[in-house]
Amino acid sequence: MHSPVPEYLADVLAACTDESPAAIALTTVDDAHHGAGDLAHRFAIQSMSKPFAYAVALERRGWEAVHEKVDVEPSGEAFNEISLDPRTGRPHNPMINAGAIAISGLIGSFEEFARFASRLAGRELQMDTATFESERSDAHRNLALAHLLAAYEIIDDPVEAVDHYLRQCALLVDVRDLATMAAVLANGGVHPDSGERLMAERTAIQVLSVMTTCGMYDDAGDWLASVGIPAKSGVSGGIIGVLPGQVGMAVFSPGLNDHGTSVVGIEMMRRISQDMGMHLMNPGRPSRSALADVRVGTDETVYVLSGDLMFASAESLFGHLLDAPPQTATVAIDVSQVGQMSDVGRRMLLEAKARLEEDGLTVRVVERDGADRTPPDGAR
Amino acid sequence: MHSPVPEYLADVLAACTDESPAAIALTTVDDAHHGAGDLAHRFAIQSMSKPFAYAVALERRGWEAVHEKVDVEPSGEAFNEISLDPRTGRPHNPMINAGAIAISGLIGSFEEFARFASRLAGRELQMDTATFESERSDAHRNLALAHLLAAYEIIDDPVEAVDHYLRQCALLVDVRDLATMAAVLANGGVHPDSGERLMAERTAIQVLSVMTTCGMYDDAGDWLASVGIPAKSGVSGGIIGVLPGQVGMAVFSPGLNDHGTSVVGIEMMRRISQDMGMHLMNPGRPSRSALADVRVGTDETVYVLSGDLMFASAESLFGHLLDAPPQTATVAIDVSQVGQMSDVGRRMLLEAKARLEEDGLTVRVVERDGADRTPPDGAR
Amino acid sequence: MHSPVPEYLADVLAACTDESPAAIALTTVDDAHHGAGDLAHRFAIQSMSKPFAYAVALERRGWEAVHEKVDVEPSGEAFNEISLDPRTGRPHNPMINAGAIAISGLIGSFEEFARFASRLAGRELQMDTATFESERSDAHRNLALAHLLAAYEIIDDPVEAVDHYLRQCALLVDVRDLATMAAVLANGGVHPDSGERLMAERTAIQVLSVMTTCGMYDDAGDWLASVGIPAKSGVSGGIIGVLPGQVGMAVFSPGLNDHGTSVVGIEMMRRISQDMGMHLMNPGRPSRSALADVRVGTDETVYVLSGDLMFASAESLFGHLLDAPPQTATVAIDVSQVGQMSDVGRRMLLEAKARLEEDGLTVRVVERDGADRTPPDGAR
Amino acid sequence: MHSPVPEYLADVLAACTDESPAAIALTTVDDAHHGAGDLAHRFAIQSMSKPFAYAVALERRGWEAVHEKVDVEPSGEAFNEISLDPRTGRPHNPMINAGAIAISGLIGSFEEFARFASRLAGRELQMDTATFESERSDAHRNLALAHLLAAYEIIDDPVEAVDHYLRQCALLVDVRDLATMAAVLANGGVHPDSGERLMAERTAIQVLSVMTTCGMYDDAGDWLASVGIPAKSGVSGGIIGVLPGQVGMAVFSPGLNDHGTSVVGIEMMRRISQDMGMHLMNPGRPSRSALADVRVGTDETVYVLSGDLMFASAESLFGHLLDAPPQTATVAIDVSQVGQMSDVGRRMLLEAKARLEEDGLTVRVVERDGADRTPPDGAR
């Protein structure tokens, strides 16, 4: 038996584009990894580095020091707008270039960022020298911002801050790296694989909040309403998304719209949000794990699901079934305590049933109606 | 035995102000109602009407018709800013006055709004004539906006639209009305009391999204980051807040800051968010109900909690204990399946234990460590 | 014999358009009137009323009262921009609609404006009721501005102020009316025909200054550089222009550009400026040297001054006296041919007389009155 | 005997300040030089270099090339505002820093500017190395502007353009240098001392026009209305002023207001304007009537014209000829005392001659060259 998620992701990819390279990856807070498309394709992280650089600055320089230099308000402006608070010179937020350069100035060392990003991704990330050098040779707009920040004493050395910022943007990643990095934010700052805490939970919450209001520049309101996944895009064609407590994700496709965001990437995010009910405002957002109990009897194993059955929760059932296949000939999946069941949740439940049956097992689903409510013998 | 929530709310109120009138109310999606302070004090709904008027327009005039007239982007501006899209005249969003007047123009009838608001509140709301007449006599800024909207053909009759808008703002509510109205949004559009669907789930999600990015005007970014509860304030001194899938809340205290938002109200919302972990980006957002099972044995009743134990879930345990007090002399509260337990969750758990003991029962808590893991006899 | 000016104007008209109606008129400060085209065609004065309404307000309400309500800075904006000083609500200047409505509010009576405009034009001007009623029925943008001004307490009654403003704009004029009205400004506030002073010279200077920086809205800089004639256009197709001390002019042709200014009108003004050297910055405007002749007789030297006696011209007399001191015991300074004599000019003249007398000479000043008009013997 | 002007200037200086250094200088278009105060005190030219750099660019790079890069509209903004046309990146005008840096980029060579400025001043101007190096070390705002201009391809090398601009600003001048440089603009581009043409008259007119609308930044409207002298200030404490056809002037006093303009300097300019009637809109600037005398003899009538022969003055000759046709068979038009004669003036003169001849009269024109200088018999 295997998980249906990769197939679903491949369907999304196929429905949105037939061009290459293109890829999707998901990492749940329970460290399940799924993906489809050109998963090995690497590209520059670009502006998708901004949430993580903001996290580094908060953790290493302190909240007060950071917010003295950078505000957290949506600007309603394009990413490269030359616009600072007219009195203080503070950039509107750390997701626009001005704010990101101020953050680079605060961190003070490209290496420190690179080390942090590598720990988030779980592998040593490398800078793409060609990207860096090409962008440094045409960095007038960023240098303009940096000199302006220096004029307001937000940063000291504008040329160095831009150098650091451009190196940060030139780190090479693939969608799986990004999905894992995003999953650390989804998981409150704890790496889903190693269980290591890489930032305070309050930092992860702060970063996600600012991604929500400022991550999609002048499209923040429509993005939150229609997609509902805090996100950040980069001009290399990637978009990362985070659903707190559930999943980190990343999509990639190079064609950009006027805002510098991947056209196909937007479409993929939108579909995943709709198909999976993955919207921040979804009233039925599930508990971390829907697998409330596993009762192993003599001839039947009962899997008790609780909370709402949506993507992440159904995924946890699959994870368990794969890790510890049932040793009994009969299996019961008890959904009688389940609150809400999303389409994708039900689809995955039936998929689980079908795959267990393919493996030769007898499977019954205990629904809420009570007919099958009586706990199976083996559970007693 | 009774719920500790009212006491907690009274503590919050006392910590934030000793002035009167002041009040807090909470309504959960499971229709639990709690409050503290001057719960009977009525005041004009003012701008807190905007999310509900937006919902009426979406439901009655259709999404396309609404978004042709009003955008959903944060403006980074004060509530009464004279600022429309320079080409189309569309207000930036329905939470600023310009957008709300456009919405009034779309709805076309004050009575239609009043009926809808009354159904949300669960009682017949009345307009305060004195408030309405006072505001109509000094409505120059709103009339300016309305005439400008008419110049762009966003509305037809500016004087009528402002009349309708000011009547809408003059509806009298108390914090319990507002908490219940907010709880309908938290509950995906279904009234938590009657179970009646008052708007499509998609509408509730849209309204909450727009409240998140635009509800606190030029303070949206900081509010989401530091409080994390989609909210809307009114110049009468009230603020409503919604945590999707969990709770609607309202606070009231008349003193306003420069943005026209209640100073004490902000402080109360901030405390509740922090104490209860009620932040939209909280990675441990709980399942709808943590009470996974109740196993009634001969001499012991076992309450099995699952998911994350936070405010709303702990509250559901209290609700059950109050509705159906245990009939056995011994009670076990099984938290061995609980994922995360917030401070307020643990506090409420211990409170439940103490109160049951006050009632003369023997109570044990089954923790995850396994010592008490063995299911009680009576459950078998 | 007759003046060649009408033929020249007819040539300009023919070169710029063959459409009808179209017209040009010029009135000099010496009350010469010339014109070409459809001189009898009447049209609404529209925004060309603004400089004259500003003059009425300055004269009747006082400078301080006016500038408390309206600033005099170019806004760089279109005529109908909704833009006031964010703190005080003051419109940027009296040439944009917001400022003109504030001026209407200050004047307080349409009749007062109509009487003043009629005196400027030299005939009783009538309002076009059809124009007024049509514009009142679609005055949303002006009503928006007026309500906004009322919100800032710049005006009291917005509906009345707009009514007054629209009546003012609907006054019917022809190009000769406008050229004469403009000539009063060119002539320092004195009607070129009657010689009656209709406003203080300081008022005329103020109005012309504000026309120069603000009259052509967001095109002020290019207009002054390329045409160099302070001007004001109206959406009826007219443009008035003033060259201080020389001429008032008006052109008319209905086709408008995006700024609401007559396309052919601009072209006609541009040609007249170029052909006639009528540019405010033209260095050849004043008489270069007022010392027209020096007649050295046996016992008297006569210094004949001509043109206007102002700083530069009086200065040239001093220069000559210093370079070549008179060799006769008696000196006559003949100012009988001098046009205007400024205060500084007169002061310098008397200073010259005193200093020559200090040097032991006898000095007489030959004034215009004729007593001393007979040229001194020595000059023959 | 000597000129009263220096005493007057000393009075102005004493009335405005008793601090030192402070100075005033005036240079007339007839090359009279006057001054008071610390005339030898040298200071950096700073932004007062901008009009002259603009002139260099127009003369050397051509009007089209310049206006492709820099607009001529007032920005209503402070001198150092980071604000360009959002689409093209063009600075609003050459008087704000952004525009001046673009002009520096166009000129391409500091030496070219320094040579031109030295010719205007009539002596070899030197750069103050200390000023230059101090400003280069803190040039973040100008570097920000320059990089932004480079991003829009307005300039190529931002670091070089700022270096050039700062060198230009560091040229050392005294008020007499500045008054003479300003007098070249007043004199239509011709040096009042050498008589050498240093720029086309059209260039001088353009520079003066742009100084008028843009020279005093966000105070342009009030400055033109209340002072009426096209001007440009510098942060070193100097202000230059130009009254076309009359005088160039410069004032100096170090104390600055919030706009970076000399407080005492403003006051001195204001006084000179009021005392001397030196206002661009002063209706008494040109000679009112060029017909200085009519000498009726037995067989010849002599019309003596004086002042400058331009439209309004030539027009007055026509008026007289029409009102009172000559009664003699021969007519002389004496233009020997005429200062300047514009094209339209000459055309009208010849037109008058032709028309009188059509009427059967004999007409001679007495030119300045002297051949016909002898007054005709009939005039005696």
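Order as written gives the chain letters A, B, C and D; numbering starts at 1 within each chain.
The rule is simple: a contact is a pair of C-beta atoms (placed from the backbone, for glycine too) under 8 Å apart; a residue touches a chain by one contact, two chains touch by 3 or more.
Everything numeric in this text was worked out from a predicted model, so none of it was measured.
A.B. asks: Distance between chain B and chain C based on Cα centroids, please, to the nearest Å.
C.D. replies: 64
A.B. asks: What whole-Å value do you get for the distance between chain C and chain D if each is reduced to the mean of its CA atoms?
C.D. replies: Their C-alpha centroids are separated by 21 Å.
A.B. asks: Measuring centre to centre with CA averages, how many angstrom lie between chain A and chain C?
C.D. replies: Whole-Å distance between the two chain centres: 67.
A.B. asks: What are the residues of chain B that contact at least two other chains?
C.D. replies: Where chain B is concerned, no single residue meets two or more other chains.
A.B. asks: Touch graph across the chains, line, ring, star, complete or other?
C.D. replies: ring
A.B. asks: Can you list every touching chain pair?
C.D. replies: Between chains, contact exists in these pairs: A-B, A-D, B-C, C-D.
A.B. asks: Residue numbers of chain A touching chain B in their complex, please.
C.D. replies: Result: residues 29, 71-76, 92-93, 186-188, 201, 204-206, 208-210, 212-214, 218-222, 224-225, 228, 230, 244-245, 279-290, 292-293, 304, 306-308, 337, 339-340, 380 of chain A touch chain B.
A.B. asks: In the complex, go through chain B and note every residue touching chain C.
C.D. replies: For this pair, the touching residues of chain B are 82, 140-141, 143-148, 150-151, 158.
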